[in-house]
Amino acid sequence: MQRTIQLTINGKPRNFDAEIFSVASLVTMLDLEGKRLAIECNGEIVPRSQFEQTQLEDGDKLEIVGAVGGG
Amino acid sequence: MQRTIQLTINGKPRNFDAEIFSVASLVTMLDLEGKRLAIECNGEIVPRSQFEQTQLEDGDKLEIVGAVGGG
Amino acid sequence: MQRTIQLTINGKPRNFDAEIFSVASLVTMLDLEGKRLAIECNGEIVPRSQFEQTQLEDGDKLEIVGAVGGG
Amino acid sequence: MQRTIQLTINGKPRNFDAEIFSVASLVTMLDLEGKRLAIECNGEIVPRSQFEQTQLEDGDKLEIVGAVGGG
Amino acid sequence: MSDLLKIADKTYGSRLLVGTGKYQDFAQTRAAIDASGAEIITVAIRRTNIGQTAGEPSLLDFLPPEEFTYLPNTAGCYSADEAVRTLRLARELLDGHKLVKLEVLGDPNTLYPNMIETIAAAKVLVKDGFDVMVYCSDDPIIAKQLEEIGCCAVMPLASLIGSGMGILNPWNLQIIIANANIPVLVDAGVGTASDAAIAMELGCQGVLMNTAIAAARDPVLMARAMKKAVEAGRDAYLAGRMPKKLYSASPSSPSAGLISSV
Amino acid sequence: MSDLLKIADKTYGSRLLVGTGKYQDFAQTRAAIDASGAEIITVAIRRTNIGQTAGEPSLLDFLPPEEFTYLPNTAGCYSADEAVRTLRLARELLDGHKLVKLEVLGDPNTLYPNMIETIAAAKVLVKDGFDVMVYCSDDPIIAKQLEEIGCCAVMPLASLIGSGMGILNPWNLQIIIANANIPVLVDAGVGTASDAAIAMELGCQGVLMNTAIAAARDPVLMARAMKKAVEAGRDAYLAGRMPKKLYSASPSSPSAGLISSV
Amino acid sequence: MSDLLKIADKTYGSRLLVGTGKYQDFAQTRAAIDASGAEIITVAIRRTNIGQTAGEPSLLDFLPPEEFTYLPNTAGCYSADEAVRTLRLARELLDGHKLVKLEVLGDPNTLYPNMIETIAAAKVLVKDGFDVMVYCSDDPIIAKQLEEIGCCAVMPLASLIGSGMGILNPWNLQIIIANANIPVLVDAGVGTASDAAIAMELGCQGVLMNTAIAAARDPVLMARAMKKAVEAGRDAYLAGRMPKKLYSASPSSPSAGLISSV
Amino acid sequence: MSDLLKIADKTYGSRLLVGTGKYQDFAQTRAAIDASGAEIITVAIRRTNIGQTAGEPSLLDFLPPEEFTYLPNTAGCYSADEAVRTLRLARELLDGHKLVKLEVLGDPNTLYPNMIETIAAAKVLVKDGFDVMVYCSDDPIIAKQLEEIGCCAVMPLASLIGSGMGILNPWNLQIIIANANIPVLVDAGVGTASDAAIAMELGCQGVLMNTAIAAARDPVLMARAMKKAVEAGRDAYLAGRMPKKLYSASPSSPSAGLISSV
C-alpha cells in the first residue's frame, strides 16, 4: 500500500502520495513550471539549482513566492 | 368719516387711521415705549427728541431698529 | 537774425535754433532715426505718422521712450 | 616615614599623605562638608552613609558632583 | 499695569474684543463675556421685532451699556450707504455713541470685505464725527489709506469670518503693523487660543473674535482660554522672543564639568 | 481646580516644567521660575568645583528642594552608560529622589537625541527603580516602545534643543498622543508663547522649556507669558475648538432684520 | 497638445510668462528666455537715452517682437495717470499692440500694488481698447471687480515683488480662481520651482516671474526648472491629485500573501 | 547630461523611483511607469497563488526585469526576521539580485517604520551582501547610523505611507542630507508634483513614490507630472535659488528713466 505525506504550502496543509518526492516534482505537480518563483523550506531558501536533489518530507513547511505589484 | 394712512414699517405695510399722528404716538401704538430703539423715516434719522413733533404721512417708510447679538 | 526755442526732452531742457521745426526733424537731429521709440508731447502721444506734420513750439515738453528689460 | 597616595578627583590627580584615609576625611580635607554632593569611586556610588567606612586607596578615581542650573 | 490699549483717546485694560452673536442664550453670552474679560463688545443693529411681547428680555438687559463699551457693527451690509445708515441709527440708539465698527462685505459666500465700499463709507463716517474701527483685508496699502482717511483703528482679517483658519498671512499683518500709527487689531478668522497668541506676538494691539468662542464646545472655557492667550501673546511680544535658528548647538545645561567615562 | 498633571502618581497644578540653565544669575533664575508658576524644575549634575570658596551660594540655596520637585537631567550625555551613572549620582545627591529626565544626545551640533542609547538607558533605569521622564524624537513607534519599557512620561522634541523653531511636526505629536497611555510632554524647541499653546492644544499634558524663557529679552516677563500660554492652550484643548472651514458663510450677526435700501 | 492658455482670444502653448529685467546682459536674457519656453515676455517702457551711440544694441534686437508676444508693463508707476500714459506710449511704440500688463505700485519699500489706482487705470485702459492683464493683490472681491471692469486676466501676487517668498496665501488664490471667468495667473513672489508648481496645482492658468530666474545662481538652468515646474503643476492639476489623509493604513503593497513566521 | 543618480556603483538617468502597486491593471501600471521615466521600480514578494491558471499574465510579463532595475521591498513586514527572509527569497527569485528596499513597519494603522527592527535587519542584510536602500524615519541620528551600518541609500519618509501629506518636516531632511555621504531619497508621503519638487530642492538625490501616481484620477498624466517635477526640483537645486526676503524693494524693471507727470 501507498505512503502519504503532508506538506504545508503557503500556509495550507496538502496531502501528497509520494514515493521519491523532490521540490522539482512538486513544482511540476503544482503546475508552476517556468514560473518565476522562489521557494523556502522550513525557513531555508531552496536554490533553484537544488530543486532536483531536495527531497521533501512529511511535515515540511514550504513558502512559494513570486513578485507582485507593490510600493 | 375717517382718514387712513399707510406706513411701511420695517418693510411691512400697515394701515393706521390717523388724525394728528406723530412718531411718538406710533411708538406707543406699537407697544415699544421704553424700549431702546432708533427710528429712520424715509432714510432720515428721527432723533428721539423729535418723536413728538415729527408727524407721519401716508406712504412714509420707517425703519425701527434695536441692538442684537452680533460679531 | 535767428530764433531759438527751448524744449524739455525727457526732463532736460535743450535749446534749438529753429525755423520750421517738426518732430521728424527733431528725431533726425537727435540721431534717433530708425530706432523703435514713441513720443509724447505735452502729455499727448504723437503718432509716428504725424511726425512730419507736428510742429514743435518753444516750451514743449517731450517724452521719448523705448522698451527696456523689465518684469 | 609617611606614605602618600594619589587620587584622581574629577579628572585631576592629587596627592595626599594618608594614614587611615576615608571618604569622609577627604570631604573634610576638600572643605566640602555640609555641601550637597554625591560621590562615585571607580564608577560605583559611595552612599553618604558609607563615607566613614569607605577607605580610599592609591589610584582610586573619584567623581564628586553637585546640582547646577540646566535644562 | 500700564500696558493699556488706547482707542480714540480711551484706554482699556483688556486687548480682547468679543462679539455677542451665535450664543445659546443671553445667559451664556454674559458668562462667556465675563470669562473673556472683554471691555469692548460688538453688537449688530437689526429691525425691532414689532409686536414682540413687551416683557421679552433683550441683549442690553444682560450686557448693560454702562458696564461695557458697545461697538455697534455693520455686519450684513454690502454697500457704503447701508453701512452709513446703520451706524447713524446705532449712534441714535446708543445716545450719540461715536465708536463703531465699520464692515462692508463683498459677497455672502466668503464674507470677504469689499474694500472699495468700505473706503467710501469710512470717508463719510469720519467726516460725520464717528470713531471708526474698520474691518479690512490684509492689504497694507489700503490699511494705510484707511488710517489716512482718519479711522481710529484698522482691523485686518486673519482669515475669513467664521472660518477659524487662523492667521493665513502673517507677513502682510507684519507690514501693516510696521507702517501703522493707529492700533492694528486682528478681526475674524481666529479659531483657537494659539491663533490669538500669534496675532499678539506679531505686534497687534488687540484681537476681536466671536465664533471662536461662541462655537466652541464649551464657550465659557474657551473665553477664558482666549483671555489668557491674548495676554500671553502680548507678554511674549513685550518680552522679546529668543531668536530662531535651525541649529542651536547651545545646550541649556553647562558643557563643562561632565563626569568622565570609567 | 481638578485638571491636574499626574506623573508617577504625583499630581501637579502647573503643566509648565522649566529648566534652570542659561540665566544671568540665581536671582533672575528664581524670579523667572516664580513667574512661570512651575513646580517641576530640571537641574544638571556636574562636577563640584573643588576648592571653591565654601560660602559661595549654590542653585539649591535659591531653589530649595523642599519648594520644588527637582528633575535631574542627563544633559550632555552621549551614551547610555554616562546617563545611567549620572542619574544614580543624582539620586544619591537628592536623597533617593526617583523622578529623573533621561536625555541621551546624538551629536553636539544638532543635540538631536540618540534613541538607541536612550532606549538602552531607559531599560536599565526603569529596572533600577527610577521614574523616567524621557526626552525623545517624535517617532511614534519609539515613543510607544519607551512607554512599554516603563517610562512614566515621554517628552518628544518640538524642534532642536535651543532652536526656538516651535513645533515642526504636529502630526507626529498627534499620533504619539493618540497612542499614549502615559503623559506626553513637549520638550525642547518651544520659542515663544504661541508654540507652548499649540503644544497644549494638540493634547500634550505639559511643556518643558528653558531657552525660550532664559534667552528672551525679558526672561521674567516671558516666563509669565509661558504660564498663561500653557494654561490657554490647555483650556482651549478642553473647551473643544470650533471646526476649521475655508468657507464659512456663517456671519456672527443675524442675517435677518437688515434695514432695506431707501 | 490641446491644453492651451487662452488670453484675449489668442492661445499660447506655454503657461510661463517671464520678465526681461535684472539679467547680466542681453545674451543671458535671451538664453534664459529660450530655456523657459516662454512665449509672452514683459518689457518696461523707459526714456530713450538721448545721444547714446546709434549702434548700441537694444533688447529688441535680441528678442524680436516677431518671435515673442510683448507684454509692456507699467512697473514703477505709482498713479493711474502715469500707468495709462505709459501704456499709450507702449502701444504707439509697438505699432498698436493692445496686450499690456497694468501694475500700479503702492509704495517703494514693499512694491505692494495700489488697488485703488489700479482699478482707476483699468477702467480707462479697457475703455481705450487695451487688453489688460492686471497685477493685483490677492483680494478676491477686487479680483472679481477687475474682471467685471473688463480686464482679460487677473494676476494676483504670490508674495511681494522680488521677495521669493512663494505663495503666502493659497486660500485667497483658491477663492479667486473659483470665482473667475477669466484666466488667473500668479505674478510676483515665486522664488523657486516648487512655488510655480504649487501655483499651477491650485488651478492657476499660468505664472509670471522675473527675479526667480534672473537672480538664480544659474539663470538659464533655473529657467529650465521653471518651465518643467509649470508643466508639472499643470499636469498634476489636470491629473487630479490623491486625497490627503493623516492616517492612510493603505499600504502600496498587497496585505495578503505574506509569508508566515517560521 | 552628466547629472546622474548613483546607487551602489550603478548610475541612473532618472531620479524618480516608482512602485508598481495599486494600479487598475498591468497595462495601466506599464503606461504610468513609462510616463514616469522611472528606471528603478519596486515590487513586493508574495505567496504564489497556487493553482492559478498557468497562462495568467504576471507583473513581470509587463515589466521585464531586463528593462527595469527591480527593487524588491519588504512591505508588510513587521520584524527584522520576516524582512530578511523576504529579501533572501527575492534575491533567489531575481537570480541573485542584490539591490533591495528594506522596510520594517511599526504598526498597521500608521505604517510608520520600526527603526529598531529596521536597524537589526539592515545589519544582517549588509553582512549578507545585499545593497540595502532603507526606508526610515526622518531621525538624523538613526539615518547616520544606517549609513555607518553600510546601507547604500537612506530613504526617510516625507509623511506617512499613502497619506499624500507631503513633506512634514523639511528641517530634519535638511539635516539628514547635510550629514549624509550616501544618497538620500524621500520615500512615502509625496502627494502631488510640488511635493516631489520640494524634496529635490532640499537636496535629495531622488524620490520614491507609488500612491501619488496610482491613486491620482489620471495616473498616467500624474506620472508625467512627477517626472517633470523631480527634474524641475533637481534643476532648481543645482541652479541655486534666489534668496528669500520679506521686503525686496528691488523691482524687476529699472527705477530710472520713468516719464515725469505732466
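Going in written order, the chains are labelled A, B, C, D, E, F, G and H, and every chain counts its residues from 1.
Here is the rule we use: a residue touches a chain if its C-beta (ideal position, glycine included) is under 8 Å from a C-beta of that chain, and two chains touch if they have at least 3 such contacts.
Here the structure is a predicted model, which means the values were calculated and not measured.
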Centroid comparison with chain G (C-alpha atoms), farthest chain: D
Centroid comparison with chain F (C-alpha atoms), farthest chain: C
Distance from the mean Cα position of chain H to that of chain G, given in whole angstrom: 32
Distance from chain C to chain A - Cα centre to Cα centre, in angstrom: 97
Centroid distance [mean C-alpha coordinates] between chain F and chain D, Å: 35
Separation of chain D from chain H, taking each centre as the mean of its C-alpha atoms, in whole Å: 57
Residues of chain D engaged with two or more neighbouring chains: 10-11, 40, 43, 63, 65, 68-71
Multi-partner residues of chain E (each touching 2 or more other chains): 19, 21-22, 44-47, 73, 75, 85, 89, 110, 161, 165, 171, 175, 210-211, 214, 246, 251-254, 257, 259, 262
Chain E contact footprint on chain D (complex, rising order): 10-11, 40, 42-43, 61, 63, 65, 68-71
Contact set on chain G toward chain C in their complex: 19-23, 26, 29, 42-48, 50-51, 54, 58-60, 70, 72-73, 75, 85, 88-90, 92-94, 161, 209-211, 214
Contact footprint of chain B on chain F as seen in their complex: 251-254, 257, 259-260, 262
Complex interface listing, chain G residues touching chain E: 106-107, 110, 112-116, 119, 137, 139-142, 144-145, 159, 165, 168-169, 171-172, 175
Chain H to chain G touching residues, read off their complex: 19, 21-22, 44-47, 49, 73, 75-77, 79, 81-82, 85-86, 89, 108-111, 160-166, 191-194, 197-198, 201, 210-212, 214-219, 221-222, 224-229, 231-236, 238-259, 261-262
